[in-house]
Each structure stands twice: as C-alpha cells, then as structure tokens.
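Here the chain labels run A, B, C, D, E and F in written order, and each chain numbers its own residues starting at 1.
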Amino acid sequence: MYQLGVVRRNIQRADPAAVAKLSAFGTATVHEAMGRVGLMRPHMRPIYAGAHLCGPAVTVLLHPGDNWMMHVAAEQLQPGDVVVAACTAENTDGFFGDLLATSFRARGAVGLVIDGGVRDVKDLTAMGFPVWSKAISAKGTIKATLGSVNVRVICAGAEVNPGDVVIADDDGVVVVPAAQAAQVAEAAEAREANEAAKRAKLASGVLGLDMYDMRGPLEEAGLKYID
Amino acid sequence: MYQLGVVRRNIQRADPAAVAKLSAFGTATVHEAMGRVGLMRPHMRPIYAGAHLCGPAVTVLLHPGDNWMMHVAAEQLQPGDVVVAACTAENTDGFFGDLLATSFRARGAVGLVIDGGVRDVKDLTAMGFPVWSKAISAKGTIKATLGSVNVRVICAGAEVNPGDVVIADDDGVVVVPAAQAAQVAEAAEAREANEAAKRAKLASGVLGLDMYDMRGPLEEAGLKYID
Amino acid sequence: MYQLGVVRRNIQRADPAAVAKLSAFGTATVHEAMGRVGLMRPHMRPIYAGAHLCGPAVTVLLHPGDNWMMHVAAEQLQPGDVVVAACTAENTDGFFGDLLATSFRARGAVGLVIDGGVRDVKDLTAMGFPVWSKAISAKGTIKATLGSVNVRVICAGAEVNPGDVVIADDDGVVVVPAAQAAQVAEAAEAREANEAAKRAKLASGVLGLDMYDMRGPLEEAGLKYID
Amino acid sequence: MYQLGVVRRNIQRADPAAVAKLSAFGTATVHEAMGRVGLMRPHMRPIYAGAHLCGPAVTVLLHPGDNWMMHVAAEQLQPGDVVVAACTAENTDGFFGDLLATSFRARGAVGLVIDGGVRDVKDLTAMGFPVWSKAISAKGTIKATLGSVNVRVICAGAEVNPGDVVIADDDGVVVVPAAQAAQVAEAAEAREANEAAKRAKLASGVLGLDMYDMRGPLEEAGLKYID
Amino acid sequence: MYQLGVVRRNIQRADPAAVAKLSAFGTATVHEAMGRVGLMRPHMRPIYAGAHLCGPAVTVLLHPGDNWMMHVAAEQLQPGDVVVAACTAENTDGFFGDLLATSFRARGAVGLVIDGGVRDVKDLTAMGFPVWSKAISAKGTIKATLGSVNVRVICAGAEVNPGDVVIADDDGVVVVPAAQAAQVAEAAEAREANEAAKRAKLASGVLGLDMYDMRGPLEEAGLKYID
Amino acid sequence: MYQLGVVRRNIQRADPAAVAKLSAFGTATVHEAMGRVGLMRPHMRPIYAGAHLCGPAVTVLLHPGDNWMMHVAAEQLQPGDVVVAACTAENTDGFFGDLLATSFRARGAVGLVIDGGVRDVKDLTAMGFPVWSKAISAKGTIKATLGSVNVRVICAGAEVNPGDVVIADDDGVVVVPAAQAAQVAEAAEAREANEAAKRAKLASGVLGLDMYDMRGPLEEAGLKYID
C-alpha cells in the first residue's frame, strides 16, 4: 500500500554481483527466467532505440502534475541506481527533463523509468541518459504536494520495492525482487545458453515443430492438415 | 469466417510477376490504385524506420497469449512469403521474437505482420527482419490452444486470404487480393508515372488549385475569400 | 468558434524579429516562458526525431477524410509559414503526403502540424519536411466539403489564430499568440540563461533540494525521513 | 475485399427458421456454439441496457463523416433485417439518428450495428430501436461519397456477408454465416440445455472443480496448495 | 489563449430569451443549426441517461489533480448558469462531488461540463444534478495552484467563452457563442419544424432516396445496382 | 511479486467488525480516509448503476484468455468474500459469466472485481451479482494455464493482498489493507460526520471560499479579480 510523505534513507539494494550478472540479459530473457512475472505494461517505451539499463531501484511516488519528490529522490541516489517513478493518477505531464537528468547523473544514476511524461528528450538522447516513459510532453510540473521516496510503488502495473533490480531495453521494463536477483540471473544464464543452440538449429532449417516435439501434441489437440 | 484447428497446405500464391511489380510501390500508392480499400488500421507500426516488404501471405490465427500456431506456420513458408498473424482477441503479448525470426528466415520468409505484440526488437532490427505490429512487449506466450494456418483472417481490420499480396512500409500495411494483383500493379504504375509529373509542377510553384482545376468547384461550393 | 467556407487572405503574422528570437528555443522553454499555457496534447508526435520548426501559422480547418482545404491553404502560404491543420472530428486518415509537401515547400512553408494522419513519411523524412501529427496512415482523402483557411482553430486542444507563432520539436507543439511573441521570446531568453547556471551547479553535484531551497518547505509540508 | 459504388439487390438471407431458433440465445451462447469465432470487438456497446436483436444482415460500407449509403440501404431492407454498417476509417461521427431509424423501421428493420457513431439516442431509446455502436456523437454527416450496400464488410473486426445472421445483446455482437445458421442454432440449443443442469448443480454448492473434473489436470499441471 | 490566476466578475451572459428558446432543442439539432461547429469531443458523457441542460457558461480552468478554482467559481454563479471546466492536461481525477454540487446548486447552477473526472455520481444522480465528464473517479484533488475563472477555455476540443450557451444531452455537449444565440435558436426552430414533416413521410414508408432527391446524384456519382 | 501455480488456503481476512463499519461508506470517502491511496484505475466500471460492495478479498491471478483459476478460487470462498481477479496481460475476454456467478454466490461471495472482461451481464444484473470490470465481452476463455489464488496481485494499478477489504461503488474500487481496516473505518466515520455539517452550510448558500478560509491563501497565491 502506498505511503505518502515518507523518505526511506537506508534501503537494501540487490546484491551488486547479481545486478552485474543480470545486466548481460534483455528483458525478454529475464522475464522468462522469472516465470513470466514482473513485467511493466507495454505502454512504457524508451525515448531512443537501443537504450538498455540494469540497476537497483530508488522509487518515487508522484502526484499528477507535481515533480517535487524527484528532487527529494536525487539525494538518495547512489552510483548505478535506476529511478522508478509512479504516479497516483494517470498523467502525461513532463515530470523530468535535462536539468534533473544532470542532477541524477551527477549522483550516479543510470536512468529513469516513469509511468508519466518526460521532456527535453533531444537533450536526454544527446546525453545518453535513457528514460522509459508512457508519454513525451513539454508540459512542466509544480512542486506543491508530498509524495514519497523509497516506498513500495505500483509502476505501470508492476510492483517495485526499493532495491529491486530493474532491467529495461527496447522490449520494455522488468522488475526482479532483490531477494531473487541471484537466482534469476542464473536461470537467465541457463536459458540464454539454451537459446544459442536452438537458434543455430532453427537457422539450419530445423523446424520448431520437430525441435520442440510439437507434432504429437498438435495431433492430439486435433489439428487437421488439408490441401 | 474463422476456422479453428486447420492448416491448409496448398495455397494459391499471387502471381510472382505481379508481386515483383507491386514491390516497387509504397502502401499509399497501392491503396489508391486499389480504389482505397484493403488497408489495415493505423495502429500497425513497423519496429524500425525504413522497413518495406511485399510478398504473398501465409496467414496465422492465434489466441491471446498463445503462439503455438506460429511454429505450425513455419513449415508452410516458401521463399518470399510474408506471415500475417491475426488474434481472436485484442492482445499485446510478445508472440514473436528472434528465435522464430531465425526459423522464418531459414524458410525464406521476408517479414511479419501481426495484430499483437512482438519482442526482441533490437535483434530483429539487427537481423533486418521487418515486423509490423500493434505493440512491443517482452511478455512471452504459451503453446496450448489450436488456431489455424492459411485460413482467411481479419487482421487489424483488413481481410487477408492466404496468397494475397501484402505490402508494408512506414505508412502502414495494405492487402491486395491475389486475383487482383496484376491489375493493381498496373494501376499503381500508371498512378506513379502521373505523380512524377505532378510533383515537378508543384515543385515549380504551380498550385494544386490550378493543376487540379479546383477553383470552379470551390466557388460553386460557396467558398468565400475575405481580407 | 469555427467558421466554415471562409478563406482569410490578409493575416497579421507575428513580428519576424520575435519569430527569429523564438526559433532559438525548444517547446519546453517556451511553454514555461508563457506561463505554462498554449501546449498541444501530447499525442502530437514528429514523424522523425530531431525535427524542429518555428514560424507563423496559416490555419486550416478540415473535415474527416477530406483534404480539399489543404490545396486552398497552399495559395496563402508565405516563406517561413507553418501550416496548422485541425479537423472537425477525430480522424487518422492521411490528409497530407509528399505531393502537398512539395507544393507547400515551393511556397516557402517550413512544416506542418496536423491533428490527423499523414502519409509518405519516408519521402517527407528524406525531404526534411517536418510534420507533427496524431497518426501515420496510407489512407487517402477526398475533396468534397468546404472547411476554412486562416480562421481560429482548436488543434489538439490548443487554440491557434492565423499568424500565431508555432514552435515544435521532439517534446511537442506550443503556440504563442502573435501579440505576445516578443515578450515570450524575452522571457524564454531569461529562463534559458538562468538554466545554464543551474545545469552547471547540478552537474557539480549540488542538489536541487539546496539550490531551490526546498528543505524548509518540505519539512513544513510534513515530509518524514526514516531509516 | 471491399467493393465501392455497388448495391447488391438480391441477397440470400439466412433461413428464417434458423434465425428464429437463434433468436432465443444470447451472444455468449452463440459465440461458444460457433467454436468461439465471429465476435465483434468489445468496443461495440448497445445504446440502452437490455437490448437484444437477431436477424439477417443488410450490410453498408461508409466513408468517415458520410452517411449517404444509409439512405441507399433503406430501400434494400426487408422485415426482420439488421443493418450492419462498417466504415473505411475509424470515425465516431453520428451517422444515424431518429429520422433514419424511422425510415428503417418503416421498412421493417429491427436494429443497427455500426462501427461508428450514432445520435438521437434518447429518441432511439424511446422508440425501442436498438443500436450497437462504438460511439455516441451529435455530429452529423454529409452525403458526398459512394460506399456500398450488401457487399462483404469487416465490422469491428468481424467479417459480415449480406444475409448472415447477426445476434446482439448486452454482451456484444456475434455474426453467424448464413450457411451455418441452422447448425449453430442446434449447437446453441444443446449447449443451453447443458447449462441449465450445470447451473442447478453449482447453485447447490457443487464446485466447478468437481463438476468439470479439474482436480486431476490441475495437479498434473503442478498446482500447489499451501497454508 | 489561456490566462492563469484571473477571475473575471462581470461577464456578458447570452440573452436569456435566446437561452430559453435554445433549451427546447437537443445537441444534434443545435449543432446542425450552427453549421456543424461547436461540438465537444464524444468522450464527454453524462453521468445518467436522460440528462439535459441549457444555460450560459461560467468557465473554469483547472490544473491536473487540483480543484481549487471550482470553489472560486462558485461565487461567480448566477441562477441558470452551467459550469464548464477545462484542465491544462489530460486528467481523470474526481474534481467534483456532492459537496460542490450542493454549493453550485445553492448558487443556482444547473449542471457541470468537465473535461476531467467526477465522483459521488450516485449522490449527484439522486440530486438530479447533471454532469458531463470524461471519467468517473473516486480520486480527490488538492487545492494548491491557481487556474482561472471566466476566461476563454478549450474544453474537450471546443472553445468556450464565458457567457456562451452550453447545451448538453445524451448525445454530447455543444457550445453556442453568446452573440449567435438568438440566430441559432431560430435556425434550430426552422430545422425542427422541417424534421417533423420529414419524420412523418419516412414513417409512412417514403424513402430518403426520394424525399431528398438522391437518385440522380447517386447515379451521376456512378452507383451501380447489381443482382 | 506475482507467484504462479499457488493456492493459499488460510488467509487472514480483515476483522469482520471493521468490514461492517467500512461497508457504510462509499469509495470516495474511504479513499480520502486512507490518505488518497489504494484506488484502482478509473477504467474499472460496474456492470449496473447503484451497485455497492464491501468485503475481504480472495485474489486470483489469471492469464489472458484463461479462466481456470476462477474455478480454483471458488473453493476458497467464504460468505462475504469479494473476488479480485488480476491478469498477467491486458485482456478483455469474458472470464466470468452467470455459471461462475451462481457458483460464487453458492459459496457466499458478494461480488467480483476483475481487470478483464465479463459476460452474461444481463443475467448478472438480474441476479444482483455486482461486477466491476474493464470490459464486457461475450468471448469465452480456456482452462489451460496455471495462475494463482490468494497471492498478492496488482489489479488495475492497485495492490491487493488476500484478506484486504475491497469497497466498490459507482465511483470505482478502493482497497484497504486488512491491518488498517479498523483505523480507516474510524477516519471515514469522522470524515462523514464532518461532511454532513459542511453540506448543510453549503446548501444554505455559504461559499467554500469562506467555509474553508480560502480567500487569504488565494490572494497570497496572486489571484486577481477583474471586471
């Protein structure tokens, strides 16, 4: 449940070794490795193609049209952190731009995931500061109402606890609970190894129907071939 | 009407000569040449700019969250084919990724049009395997329910019969019935020739008002010029 | 209020000096300089990244599926103008393509803002003719019903009067009333100067909390730090 | 594929006995009886609760903002017919109101299904003339461009051929091909009988888990009960 | 253009006689009588069926998540007024509920049109206080930022000046400029009279094709009847 | 974080006395009493007007197009429970209809909240079994993939733990954590008492401006009255 007006200073970030391992994988692989959970809704899109990030979450809870808490969050950032910003209502205002990005980067943050709007995307792209958002909007925000920093938030349909690992790329954003990070990294590794072999087979012309032994189950399910 | 649990093996692909001719044109030209019919809804977007394809359709009917039939479709592909995947419900899951793309390409397919989600878009872009979809999502799918391959489908509001010619580019996706392919290609050719002359005139400063003789009809319709 | 069937020939374009000054700024800065008004809704997106324009508006009022008035508008264009097209209903048809762009450019127009669809985006990108639209669609339009040219329009939620200054970039589209152009340009200049200093401070690690003196107000508002 | 500018006068309406039988069932039952195909997208909503209709389709193909073909369709109506109107583009204009409803009713039509907008909904409700639409809008339409009557159309994602049976109620709209009407009616009957028995069992407290023998398959699939 | 932080006390309300006349008509008729302009987007829906209102507008400009100005507006209300509330960004929060409705009614207001959210809809329905909104949401709002009262606003795509006549019913919301109110009322009257005769003819079985003399124009346009 | 393939049998339902107290309030009041948190997104709408429910949650996690877990959930229901169903992807299929409602009611459940589709709404309305959903659709679902019952879920943007109190009415759906139920009930009571007095004052013509002492803060914020 959301808490308002609170900043947690000491959060338990996921084990750096697990974060490092996870950073080698894309969201699709991690999502599968987690058992297909933890994915944000597909309206979350990167502001430029090819962006990728992986790091522990510092969470922010915003009100519509108000980015006061982003400034409060800046102080809580450590090198490698990813800011994850949720909002108490649907809102596309530009909560974040190049000034905040400059501040976040100075603190070591590697990117932002926000279920709201972002602006100055040309500057952010030039800076190489990646943002996943639901909208791009030049509309600025006020600083009037308390939200929170480092509380559990629901962002684009996914639960994010401070310190959880956030992985984002062209396919979207996935969240790995801090406690599961090492285990998911291993599962992802296994999966990836597995995929290389499959890719080679498929490239040589072997069909998935045969590689995955699907012909029997399809026949059982009643599939009919006609001419 | 949709049929479930059926794979048609022998389909009548559009005449290759007509397909080759059509491949010279963009969707806007082809859509006009067809009398402004056959266009998919504009939510169908390419995963990278500049993508273009033209080829006969192998159709797939999917269920939400289930890509079993994509594997069945792979076996039916011939060089030059375009896979067109419809879904029985609105769904943004990632039905297709780099493994299936590897398989489809090994069979000769030149691209995918899917009224659903796609993933691994960075890899697909690197491979140069074009996809038009309504969403991008890391979310994987199961293999549990029979759909069909090579039945008539409604994809993004357009009817597609197996063998129809599918043309897709930055402006969207258009479908030409196999039987009309040659005639539409000719109409497109005529139109294009026509356009070059118009473009030159307009570039020289001639107004469409004069080139299309619109001043009379506008006056008749009651247009008033004021200062 | 909309007027139909009218073309105003003599419009008062914003002062060219003010337009030139405004052209140095992005939409986020101008929007702030205006007191956070005049912004179009964020569904207005450029057809290619990095596009930017600034110029006086020639307005067009269209009916769904009908681009007749675009041709009427072409005659009213002067070098440096931006065409702003509104529609009497939500519609995503491709009202504009490379032929009209050729004509608009021949008349000196620098770009288009349309609350509707556009097509030939590959050609428009190659031409470097920027368009902000709510959709991309190959679907063409007819020429049957009178709209208007150079009347006040509501475009994507913003009021645009002929001659107003339109600024558009990757963050969206903002409209500055002609009479306020000089004053807004000055405010933007002041703001920008101000921002450079702030950016340097933030880059050096100073927090917005301190730079903007937020700690007191946050405490007063009741913000609690916990461990 | 759409045809423009055509009115087919002699269409083969589904067998009246089958239509009568089908009229006893709701859309959910009919959709299941058809093997879960033929359903329109869920954006199609009735203008008042409790509406229900069943009858053979007279189809109309409209252009955005233009209802000329609705008048052409009126002449083709026979008692018991349902008008099904598709549009060549997404459009929410009010193509239909109480005057057309008066005309359609005078010809014997029992309702309208339109992938567009409708107006005069208070009058239509008072008349008891049911309409399923994607929008309600006071905006009127022009009469300028030819569409078609009694051609195959795609309406809200479903294919409708003239004479097909259209069933609509609070749950949506389903289309039964004329040739399958009798067979689907029988399947619906069987299903309904079946449902009454199930409903009684469930009402008495028997669980679906037991009634459908799901416990074994769930265990096999790996379901775990924890305390 | 929006002005912020301003309350205009003396506004010119439309002539009461014209308002009274207009109150006899629905939005579809008034919209036609105005030449098909002045309509809000169709996402504006009444909170209960059968609601109808007509009165001069008192306008409010809100910020997302902030209803402070609604209280400021209350003081400016006179008997018969309609409150029209626009928002500087897309927002669905519940800006208005039964307390504000009680206050507005005590001042004589007859209803609310808001391009945002509303709550307490059960109470509002019981009170018979009609509201047209784009959303229903229990989410409350703060009182922190100045908007304006009685400035020109863009509400759901329509321009509204203080004192303009707002007519709303089940088909949507239309705005008549104060200066045109009498003339539009007359045009509506003429139109309505005209419609009664048409309705009778159509009810008797006369076709629109004949009543509107459409057969000639349709033939000219190339319509083909086939069997 | 979601868990798949798990059914928790023993959940801690919120204190019945607190549930009973909370059942006297609407969602707007409860949402305020909680400090404006815990609300689902406003796309969750009741299938009939006037519906209201309050009870402890039994949660269900579904896959798109698959309602298997609804049957598993039925066994876990106790009198007074509310079923809250989330889905791993956006999906509008009809996961629930009159048969499941009969079963749920036989087990004592008082309603359903589902971030997906529902069908048989006419029957559900006749039964007085309230459902809040994001869509209505006749489309049925399969029973093939394991989800979970009584795990923490994210439903329409709100976190729901098994046993939490769910309150739903015409304004939406709000969730009260079980541990806070008593305290929120008290806060709601205080608030409601408070509101009655305010309502009387406002009804007598007192302005919110005076009742809430807003004139000072508005002047300080810079509000200007002009004539």
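Observations, loosely collected:
Keep in mind that, in the parts below, a contact is a pair of C-beta atoms (placed from the backbone, for glycine too) under 8 Å apart; a residue touches a chain by one contact, two chains touch by 3 or more.
Keep in mind it's a predicted model, so treat the numbers as computed, not measured.
Shared contact partners of subunit B and subunit C, listed by label: A, D.
Counting hops only between chains that touch, subunit C reaches subunit F in a minimum of 2. When the contact pairs of B-C are matched by residue number across C-D, D-F or A-E, over half of them reappear in D-F.
Chain centres here are Cα means. That of subunit B falls 41 Å from that of subunit E. The distance from the centre of subunit E to the centre of subunit F, each centre being the mean of the chain's C-alpha atoms, comes to 31 Å. Residues of subunit E in contact with at least two other chains: 36, 42, 88, 90, 92, 137, 139, 145. Chain pairs that touch one another, listed by label: A-B, A-C, A-E, A-F, B-C, B-D, B-F, C-D, C-E, D-E, D-F, E-F. If you check the complex, the residues on subunit A that touch subunit C are 5-10, 48, 68, 71-72, 74-75, 92, 94, 97-100, 102-103, 105-107, 117, 119-122, 125, 135-140, 143, 145-146.
Of all residues in subunit A, those touching subunit B in their complex are 26-28, 31-32, 36, 39, 42, 45, 49-50, 169-172, 174, 195, 198-199, 202-205, 207-209, 212, 214, 218, 221-227.
On the side of subunit E, the complex with subunit C involves touching residues 1-4, 35-38, 41-42, 88, 90, 152, 154, 157-159, 175, 177, 180. By the touch rule above, subunit A contacts subunit E in their complex via residues 63-66, 88-93, 137, 139, 142, 144-145.
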